[in-house]
Amino acid sequence: MIIGVTIVAFGVNFLAGDPTLVILGGEPRGMTREDIDDFRHEMGFDRPVIVQYLDWLGSAVQGDFGTSYRYRESNTAVIRDRLPNTLKLAGVSLILSLIIAIPLGVLAAIKKGTFWDRFSLVIALIGQSVPSFWLGLMLIMIVAVKFGLVPVSGTGGIEYMILPVITLTSFSIARNMRMVRSSMLEVLGEDYIRTAKSKGLKNSVVLRRHALRNALIPVVTLIGLDMGALLGGTIITETIFAWPGMGWLTLQAIQGKDLPLVQACVTLMATIFVLINLIVDFAYSVLDPRVRLS
Amino acid sequence: MNKRKKKHKKHDWLRDLRENKAALVSVIVLGIIVFFAVFAPLLTTQDPNYTNLRVRLLPPVPFEGSNPEHLLGTDSVGRDVASRLIYGARISLMVGFIAVVISGLIGVALGLITGYFGGWVDDVIMRLADIQLAFPFILLMLAVLAVVGPGLWNVILVLGVTGWVAYSRIVRGCVMSLREKEFVEAARAIGASNQRIIIKHLIPNIIGPVVVIASFSVSRTIIAEASLSFLGLGVDVETATWGKMLSEGRLYISDAWWLTTLPGICLALTVLCINVFGDWLRDVVDPKSVER
Amino acid sequence: MEHNEKLLEVRNLKKYFPIKKGLFKKTTGYVYAVDDISFDLHKGRTLGLVGESGCGKSTTGRAILQLQPPTAGEVLYEGENLAVLSQKQMRPNRRKMQIIFQDPYASLNPRLTVEEIVSEPIIVHKLLPKDQIEDRVAELLGLVGLDSELMNRYPHEFSGGQRQRVSIARALALNPDLIVCDEPISALDVSIQAQVLNLLIRLQKELDLTYLFIAHDLSMVHYVSDDMAVMYLGTIVEKGTSEQLYKDPMHPYTRALLSAEPKANPRLEKERHRIILKGELPSPINPPSGCRFRTRCPQAMDICKEIRPELQSIGDERMVACHLFNGSKEN
Amino acid sequence: MSKLLEIKNLEVHFNTRDATIYAVNNVNLHVNECETLGIVGESGSGKSVTMMSILGLVPTPPGEIKKGTAFFKGTDLLSLSPRQLRKFQGNRIGMIFQDPMTSFNPVLSIGRQMIEALEWHKHVGRAEAYERAAHMLDLVGIPNASQRIREFPHQFSGGMRQRAMIAMALICEPELLIADEPTTALDVTIQAQIVELVLELQEKLKMSVVWITHDLAVVARLAERVSVMYGGKVIEQADVLDLYEHPNHPYTQGLLASLPSENRGTELKAIQGLPPILKEEPKGCTFAKRCSYAKPECFLTVPEMQDLGNNHFSCCRLGVK
């Protein structure tokens, strides 16, 4: 899996053909063939692709992702400055999303067909339909500019996080809520819920002990998916709110054709995602004895 | 003999639609949007790219300082917002539909192959799907577009090619369970070829879920296209798109609210209607077979 | 005995399913679903194949039709070995043999009309010109007791019994000689079972069909079959005519199976002594050594652990695989 | 013999989007102390719904108990609040279900699920509850009970799981055990084990059993009295010997005749037609359409239960013999 990720990340180099020309921006005037070849040699692009890949991979394993063209310092250092900001943003959003989505989803399932169910459906549909960048802009316009309640952008205290977190989580709250609801509804229709009721247990016990735990198992998988969406979402959110994190950095690297930095960012984000999915798989096996024991 | 030909009554979709008010409204709104997009040149009086610096930043009509020639106001270089919105609908819908058709075809084909035949092909393709899923979607597209350069068809192709995973996973799952069904075994027992089994027995049974995923994909693709345009990596500079209007309007967020509000409303409304319609479709098709 | 012609001979049939595990799909073991069985099917007769779930009876049926190609052994249809044919070479042979499945809901494609379902075999084998197909479908539906007006309907509009009739009509469309009936009535309501059973028996007489009748219910199989074979964990433990096996079961498993089956006769039920087997069916992944049945057999001996008893004749078309009857051949 | 449970005039409807299904129509039946009552019927005959509704296990909506009483030792179960009814569920009335695979919660250990009822109804401490659960598992014939109690449902085989299900239902020593097709999903040899086990436990624990099934043969083995249900009604009720030897109702006769007989080759007397799905209140006898003895009035008025003497009741006005 990780190997596949690194190949794709490395492959970014070659998507448009000759990376040398991409970096130099076509065939620049004032450079002779020889100049270009020299540059190519300097960058090591004249070696066989597989050698380049292995070389890059070898350094990457040791934490060396090369040097950024733009920042003129090591990519590792550039990223080290930005990564904590992104993790803070994504982590808070993930937790917030779960705290809000799980109770609402359960409520909607238990009160199926009532006002609460329909209310949550409307919220979910809107949450999934409003593009996050527009939501971000609207929040800035109304909450920050018009009423001046929170800062427009930048980092600092907790007040700087409020708008970015709302922007980042709106989609995942909506999706998780619907997922929890449908998972819960499915579990409530299972035979073992009937068995539990036939034992004369209190409704709250049936819900908590027999329904909720089973319903949340598939939701754990969601956390993995969510993390991917949240990391991707940081690109837009960080750009809008000028939040100095990985997302913004990546966008700038892409726009500046800073290929080594792009590679480093892509690899890092994908690796985080893969790691989170490994953790999710592990959590799955803890929660579900069928997986644990097979 | 004639009695035999009496056609069986098909599922009454229209009745179902009439019973679900939200879905009905969204279908009507979508119809209007499509109408505007298709007949854009006939419905607009102004060229969406005509700049007129004398009328820059006019607000929409009911507000002070507006000009009835520009119903929804003008932007920072005096272009007519209404016309740009209508032409923007064209881009959004076109990108949405074409990209979804491309990814749908790729995804369904791969899903059928992996699900029906299994084996090492299945392993390889599913591993590819895993790898693609391991990448934050938008990051991947950004990286690709940065290199191949912006442009309408590049955007469509990138969105189309990257969207196959959702289809192939669902189709593969459906096919794997269908393959074990006894009616497929019965078809093999009467000597039907693989080709016949796939066309006659498998495809009709996966159409439902595929249409549902497609409807959600359209909305997701429209958002993705707008996001790309917003980040400056989408459709080329000349064309009016909702995403780019938002990105341009962003600079005037404190002076000209309509430049960010109106394209956003169009975008959100379109996506909302498609999602409501997709939700309804999923309930009608089979609530259990598809998950978002 | 007018029918003595062998239609189908099954010789040392084996079907193992590999169990694959891990990243590289390494085969870590096998499910020994069918493990070396042999029997004959005589033209115009019914052979009942009885056993509990997981004994390999359905796999046997599918292996004969090459729906699940056998791991080893021969399936001779009128002398031709089907087991060596490729799927493509097998196709023309499919006209001669058909199958009816247990689950009337899963065995019909929900997206096709009854006409499309029943006509499919005719179209695939190009048996009739287009304009005659509809009449043929009507004829087939009539044969199984369905109104031909129903042919434009979809399966979900039918009850379980009617669906099973559609399945039968589809199987008959090719005029086969052999039909494998894989638990054709066990998913149906009690009052419908008899209807379908009567239909199958009537069709056999009218069309001179040969049946392989697979079921878990001994009295049912006794009722419809001329001959019977009892399976346990992938092997045949006893074989003979239905009459013999039902009236005088010899293998301890057959005896237990017959005894475990309740009869709708309370007077008999309250009095008779029942053999209750201990324990449950062992896993076919790791079957017991020697005799497969020894772990649950009330009469197990030391030899049963070591030597797998062969199916051997004890006279008069009767065969038993049990060490208890080892000496009886000579007597 | 005194009556442990008496159901009178029970009517249950299911309100679906398209129609109202008349699932149970005016059912009367009773269970005596320490006896086994067999309820026989095909799918859709209302046999499960009847017993589930007295335990409050019919989901409402779509289900709706229109009327009726169900007296269990002097208490009308149908008039109780859910809270009061809980004192009976799993405590004085135990229930086991058809599919032992899906009827256990897959993520909790067998023991954890068994002791729930004990803790809740009898206020027994955790340690003692586990001890009693292990004892119960032992009683239903599960070897190594004290170890296996910590295992999860998927580690048990089908037959073992049904045994554990029985142990769980009996843990509070109920006066009545309702068994809803408990052997339908099992093999014959395992079915025989379970049937003998229940008979043995009934003797030991002095309880009544209601055994719901579609299989006339199983009932012949274990029931003392049998109620035959069709179209949401009890159409015949008698002692087991009497019912099998002198069936009165044409449906019962038809069912018995449609079983494969000892004599091979004789054609089975099948009941023609299909069981009804009642989308409106039944006007006449629900079986009339399939009955070869039906007279015009059978389609018009609902027949009354006839007392044929000797504890034998039949819901057929023709009194066919």
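For clarity, chains are labelled A, B, C and D in written order, and residue numbers in each chain start from 1.
Criterion: a contact is a pair of C-beta atoms (placed from the backbone, for glycine too) under 8 Å apart; a residue touches a chain by one contact, two chains touch by 3 or more.
Note that this is a predicted model, so its numbers are computed, not measured.
S.K.: I want to compare two interfaces, B-C and C-D. Which one has more contacting C-beta pairs?
M.R.: If we tally the C-beta pairs in contact for B-C and C-D, the bigger total goes to C-D.
S.K.: As a quick test, compute the distance in whole Å between the mean CA positions of chain B and chain D.
M.R.: About 52 Å separates the centre of chain B from that of chain D.
S.K.: So, what's the distance in Å between the C-alpha centres of chain C and chain A?
M.R.: Here the centre of chain C sits 54 Å away from the centre of chain A.
S.K.: Report the inter-chain centroid distance for chain C and chain D in whole angstrom, where each centroid is the mean of the CA atoms.
M.R.: Here chain C and chain D have centroids separated by 32 Å.
S.K.: What residues in chain D touch two or more of the other chains?
M.R.: As it turns out, chain D has no residue touching two or more other chains.
S.K.: Spell out, as numbers or ranges, the residues of chain B touching 2 or more other chains.
M.R.: Counting only residues that touch two or more other chains, chain B contributes none.
S.K.: Touch graph of the chains shown: is it line, ring, star, complete or other?
M.R.: ring
S.K.: Which pairs of chains touch each other?
M.R.: Between chains, contact exists in these pairs: A-B, A-D, B-C, C-D.
S.K.: In the complex formed with chain D, which residues of chain A make contact?
M.R.: Of all residues in chain A, those touching chain D are 190-192, 194-203, 205, 209-210, 213-214, 217, 287-290, 293.
S.K.: Where on chain D does chain C make contact in their complex?
M.R.: 42-43, 157-160, 187-193, 195-196, 214-218, 220-221, 240-241, 244-245, 254-256, 258-261, 264, 267-272, 274-275
S.K.: Inside the complex, what are the residues of chain A that reach chain B?
M.R.: Residues 1, 4-5, 8, 12, 15-16, 22, 125-126, 128-131, 133-134, 137-138, 140-141, 145, 175, 178-179, 182, 228-229, 231-233, 235-236, 239-240, 250-251, 254-255, 257, 262, 265-266, 269-270, 273-274, 277.
S.K.: Flag every residue of chain B that touches chain A in the complex, lowest number first.
M.R.: Interface residues on chain B, with respect to chain A: 127-128, 130-131, 133-140, 142-144, 146-149, 219, 223, 226-227, 230-233, 246, 249-250, 253-254, 257, 260-261, 263-264, 267-268, 271-272, 275-276, 279, 291-292.
S.K.: Which stretch or stretches of chain D touch chain A in the complex?
M.R.: For chain D paired with chain A, touching residues are 55-57, 82, 85-91, 94-95, 97, 99, 102-109, 116-117, 120-121, 152, 154-155, 165, 168-169.
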